[in-house]
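First chain written, first letter: the chains are A, B, C and D, and each begins at residue 1.
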Amino acid sequence: MSTHNRLLRVGMVGYAFMGAAHSQAWRTVNRVYDLPARVRMSLICGRDSGKVAEAADRLGWEGHTTDWRRLVESDDVDVVDICTPGDSHCEIAIAALAAGKHVLCEKPLANTVEEARVMAVAAARARADGVRAMCGFNYRRVPAVTMMRQLIADGRLGVIRHVRAAYLQDWIVDPQFPLVWRLQKDRAGSGALGDIGAHIIDLTQYVTGQRITGVSALTETFVKERPLPAGSSGLAAQADGNGRAMGTVTVDDAAVFVARLDGGALATYEASRFATGRKNALRVEINGSLGTVVFDLERLNELEFYDATRPAAEQGFTRILVTEGEHPYMSAWWPPGHIIGYEHSFTHQMRDFVEAIATGTDPAPSFADALQVQLVLDAVTRSAGLDSRWTEVEPTLAELAA
Amino acid sequence: MSTHNRLLRVGMVGYAFMGAAHSQAWRTVNRVYDLPARVRMSLICGRDSGKVAEAADRLGWEGHTTDWRRLVESDDVDVVDICTPGDSHCEIAIAALAAGKHVLCEKPLANTVEEARVMAVAAARARADGVRAMCGFNYRRVPAVTMMRQLIADGRLGVIRHVRAAYLQDWIVDPQFPLVWRLQKDRAGSGALGDIGAHIIDLTQYVTGQRITGVSALTETFVKERPLPAGSSGLAAQADGNGRAMGTVTVDDAAVFVARLDGGALATYEASRFATGRKNALRVEINGSLGTVVFDLERLNELEFYDATRPAAEQGFTRILVTEGEHPYMSAWWPPGHIIGYEHSFTHQMRDFVEAIATGTDPAPSFADALQVQLVLDAVTRSAGLDSRWTEVEPTLAELAA
Amino acid sequence: MSTHNRLLRVGMVGYAFMGAAHSQAWRTVNRVYDLPARVRMSLICGRDSGKVAEAADRLGWEGHTTDWRRLVESDDVDVVDICTPGDSHCEIAIAALAAGKHVLCEKPLANTVEEARVMAVAAARARADGVRAMCGFNYRRVPAVTMMRQLIADGRLGVIRHVRAAYLQDWIVDPQFPLVWRLQKDRAGSGALGDIGAHIIDLTQYVTGQRITGVSALTETFVKERPLPAGSSGLAAQADGNGRAMGTVTVDDAAVFVARLDGGALATYEASRFATGRKNALRVEINGSLGTVVFDLERLNELEFYDATRPAAEQGFTRILVTEGEHPYMSAWWPPGHIIGYEHSFTHQMRDFVEAIATGTDPAPSFADALQVQLVLDAVTRSAGLDSRWTEVEPTLAELAA
Amino acid sequence: MSTHNRLLRVGMVGYAFMGAAHSQAWRTVNRVYDLPARVRMSLICGRDSGKVAEAADRLGWEGHTTDWRRLVESDDVDVVDICTPGDSHCEIAIAALAAGKHVLCEKPLANTVEEARVMAVAAARARADGVRAMCGFNYRRVPAVTMMRQLIADGRLGVIRHVRAAYLQDWIVDPQFPLVWRLQKDRAGSGALGDIGAHIIDLTQYVTGQRITGVSALTETFVKERPLPAGSSGLAAQADGNGRAMGTVTVDDAAVFVARLDGGALATYEASRFATGRKNALRVEINGSLGTVVFDLERLNELEFYDATRPAAEQGFTRILVTEGEHPYMSAWWPPGHIIGYEHSFTHQMRDFVEAIATGTDPAPSFADALQVQLVLDAVTRSAGLDSRWTEVEPTLAELAA
């Protein structure tokens, strides 16, 4: 690691699921990849002083604080990693960029288009000063997904005809599952749509190199009242038949929509937390005039590729085990056939972000890219609210400027 | 077969793909099932006298004719089996019913709602005279599909939350594939939508016991001009750059739509002939509050069932090989694990139709059921024509009457 | 079928499982394939006069008899199809050949090497008079299996290194399953070994074009006493604790062996009726220096092919849906993706046998080929009886003569 | 991590593939699991001073040395982790145990039974002083494998009838692949047999709770001469046709054997580096009288379970995604459906080893367990050398003493 001639001190806000995943990635990235900078896990921030101290100790951060403003302004922090719920992304990111810190922000970029637009503008301005900003659509860095993009970019699929994307989970099928923050609009912005729908919107646009131009959508909240979680406050409560405090679910349980892409493809999208048995089933199939690719996050080391240019009798879906040294990100890991897991996508993300910072290049997806995803989410929400009327996706700043 | 105290003489109109499949089924049904009637393959009808004679010889029909009216009115025919393109279904069926013949009509029932409605009315009237009519949605008789319906009817899936259905083929991806009758609106009514979309509409409504109430749809014709097939006539031709006679594709290559079912479920549907690598990929997944079922026609002997009432650590998708004697239709076939093929669904269909006729019961799907599918197809077409506007499915006769 | 200038009248001995499967194939073969001869289902023979009459009626045979000698000598029979248990194959086949009848004999050819050798000699002699004999290893005619052979013959796998074959069933896992004829050595010759092990021996030798040279084997009878079936006679009975008549299982429940092939490959074979959950799981994998093929009879429409000459990043197991017109036997059936079933392998077998007879060519597998399989079975049995000692497969007549 | 009242300082010998995998595990274990001891990565040892210094920096070890004896005797080391080729395991382990250090030794335990026996005796003696020794059969800690063991231990499979195990790789199919240390008997002890065959021997004995009693085996070296690797020395070289230095492969490329287990099961085992397309395909199927389990290391997050006590029509192979909090080791990782990778098995292994040390309990597999695996390997080698003669596995010390 003698080549690590630069130190990047990271400050992370949030220490729950995403905080743990990011910590594992920050801890690992220099151990696996030979990078032009060395990461230091300097400071972690959370609202509860006891819990954040415990998290710092467990996850391996040198310091901790309950004041994110202190973290953002600290002289010991070069990079701010935002792992909080969506309602605080904007304020933290704006402050961090203003303080000249590189920013990695979890997806979705914000809870509203307005916030996302402000963030994208701020990131564009900070870029002039060499400050880098990136949104954490980590699944772009699953090797099989990166490979999908390469195959399509290389023309192996020909003209894209269909996009078929679903991100299915089932963790709230039980009506007794409590009203956690992800089910509250003011915290999470939306439900399945923004949480997991955002992933398939970004992923399919990324791999096809095309953008969604319009949508026709339905959303549904199957279970409208849920028990309040223990220790919850600030939620309007009402008692159910058993005297248990109940609250109203203010986000979608599921969203489905049809769409068109600017390259002419028809698309179907579905995000649901009510797909019983589907735990983390992000599934994407892209049909082109020359071939097809299929990906399933529950088997993320595999990519299915149908090459219609092969002899007719030998055509079929080839299950490629994406663990060869030739595959994206994989030369640093284990021998072929030794699979990687969910968390590795974050390590790959950190690698690319660190490289971008160290080499002064633009990381992707940018905040502008993430704003565009937000605009798609917004079009879906508007369509669903207008009896599934066809709704065009609004242009981003760049498209307006062009 | 001493119990076969009744003879059913079948006359079939059409001898192409469907004619061959039906012939195999009529030939087999008494050999496999013990039925209250014995089938006789009496008469086959086609427009080309040489070809229909050859087909009669090859497929095993006793007589042949080029005049479907003669077949319909023949005293030697008890059952009329209609295997022609959709534009002739109505006329033949009406005549057959008027002649007091039982009618099996291939799907889709007709090319228009108007025709379908006339047919449903005629069937309802003929029923009073003990005449039976049935539409050939043969996939209902794939044992795994029948089992899906049973599981749902038994409450094993709980409340249905999601229907996810696609019927994907790829036989016209090549722009040089000629303009066959299935690509002409006046013959086929519609394209992928009516040909294969009709199957998934019927199948999902059948297994869930619910009906689609409204849709929001997109359709697309990716390749708008195609070479005329050899010997075609009556098609407006124009020359392409190579002087080859080209004609306009007048049906959809693909249709996608979101929908709601009357039990509260959200649904996505897709029918396409441009899904490269998917040959006959009818795939249906139904998510309920207690479980999920998944079916894939390319592996039609299998049914995946997720039972969320099992202990948490043992839940998973169970691949049931639907070849046990306990499974629908299977006790007559081979030992467990010895799979059946596509054509068997027709044998099962003939079994049920013969039993219905012999026992004087109503076969399903009735013409009224098939009319309702036609109404869904119509709603899809109208929605797609109105910028994917939300479009309610019109009520059938029965619903109007109720 | 005007080209059918020759009539082949078939007489079949046996009407149980194999009889029903063969009947379906005889009934279908001329309806699907354009053949130089037309088959007539003339006569069926069984020991029980009532049952054979019922079978003739149900399965569609013109006549029936309880005397196989009458069938064999009938002037109305050109082809004798032997579907009885193994203990009667030799006598019937010898008589049929002597009577100048073409013979199709179910596998395994015989219960002993001695019988098989007599049959092979008789067939070789009859051949001089234009009489054809073939053994019914029907799985050779599963299109995916035929395709495996073609790929290997074309050098697509390079040098064969490994054969991995198992035929797993589970129908006698329950110790209360009765002592049917297949569990009696005097009727069946052996147990899992001859019944299903014979299939994988033939299949792997067929697709590789190589022969097993020696084996080291273990066999086991897990359940040694079973209830006598209702109406059984001639079996030494003893009462169990509940006073139920029990008999001794005299065949193997399972056989496993390692082997060498004459091309240098190592092989493992396993045949079992105790593989819980495996219903008809004939699985074969062949690894060569350039590629691998994998087949599973429970998904018989699929073939997996790994082509190691493809670019490294794109290598993988290609799931070929063997339903294209380009695939063996398939142009006569349905459009791509419309799968076939178990019984179709028999139709293909009948096609090839009819063609061989009509064109005066040698059908395969010959009785000599089947004798060689018998010699492998014999080597397995001997090895298992000698503490799994390495045991070479004895040469067949042809090899001795060479 | 305030509960970490004890510090365990680890010294690791070796820094290649296994060294990197172990480093990732040591680095991660306290971040994920709440353990009674805290691990410190103190010292790493390798023969090349430059490379080991680089490895220490990259992998995160505090110090480095080229002298394993110094490491073993260091006062700053509590645990010695041996990741070297098999020829040095014995010497290092004996010295470490003698120095009172806990020892984790990679598999196979040694290159010979003699060495393994010495090591097992040493470990047994050291145990009296509270010193812990464990062999690194890490696949026992794949959650799906641990779950297999639990299901079998709970009686869910009933009486075990069959074990079917293969560990297939293909990294030396190319005859030009060089003669690395793993292909040299004096370094590696054996080839595929000891490297990967040892894993399936241990794994199947672990999950069944049974031991292999005897074997009949074949081994093969398909490619007998290979190019010497760059910079190799000490190998007898000879020139090939192109004047390239070639050496003799002195280990097996593949080993296959049939076996019996002490509970009455028949088994087949196969280890190969010539199974084209199989990258890291450790596959195990266990059939019992009540059920079956199937595991595939390339999809290590999944376990297939067939439960024959379910209703007949619903039986099937259930694909359990072993990512629930209820599953072994998984509550510490990500939400359900978020898969883990190969390396996690090492983290789990370190967790159990750290817990055993901290709580003063015996870790498993012990050196005696690993000696027993060595005895099976030895029986396989002897059988293969004696024309695949049936060869009983020699008893271990414990069995002799009993």
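Operating definition for what follows: contacts are C-beta pairs under 8 Å (C-beta built on N, C-alpha and C of every residue); 3 or more make two chains touch, one makes a residue touch a chain.
Bear in mind that the values here come from a model prediction, so they are computed numbers and not experimental data.
Minimum number of contact steps separating chain B from chain C: 1. Between the contact lists of chain C and chain D, the overlap consists of A, B. Just to note, of A-D and B-D, the chains joined by more C-beta pairs in contact are A-D. Seen from the Cα centre of chain A, the chain whose own Cα centre is farthest off is C. Between the CA-based centres of chain A and chain B the separation comes to 42 Å, rounded to the whole angstrom. Centroid to centroid, with C-alpha atoms defining each point, chain B and chain D lie 55 Å apart.
Averaging C-alpha coordinates per chain places the centre of chain A 36 Å away from that of chain D.
For chain B, the set of residues that touch two or more other chains comprises 278, 315-317, 321.
Of all residues in chain B, those touching chain A in their complex are 157, 161-162, 164, 166, 168, 170, 173, 216-218, 220, 222, 254, 256-258, 260, 264, 266-268, 270, 272, 274-278, 287-292, 306, 308, 315-317, 387-390. On the side of chain B, the complex with chain C involves touching residues 1-2, 17, 21, 23-24, 27-28, 30-32, 34, 54, 57-60, 169, 171, 278-281, 297-301, 321, 323, 334-344. The touching residues of chain D, when paired with chain B in their complex, are 147, 305, 307, 312-321, 324, 326-327.
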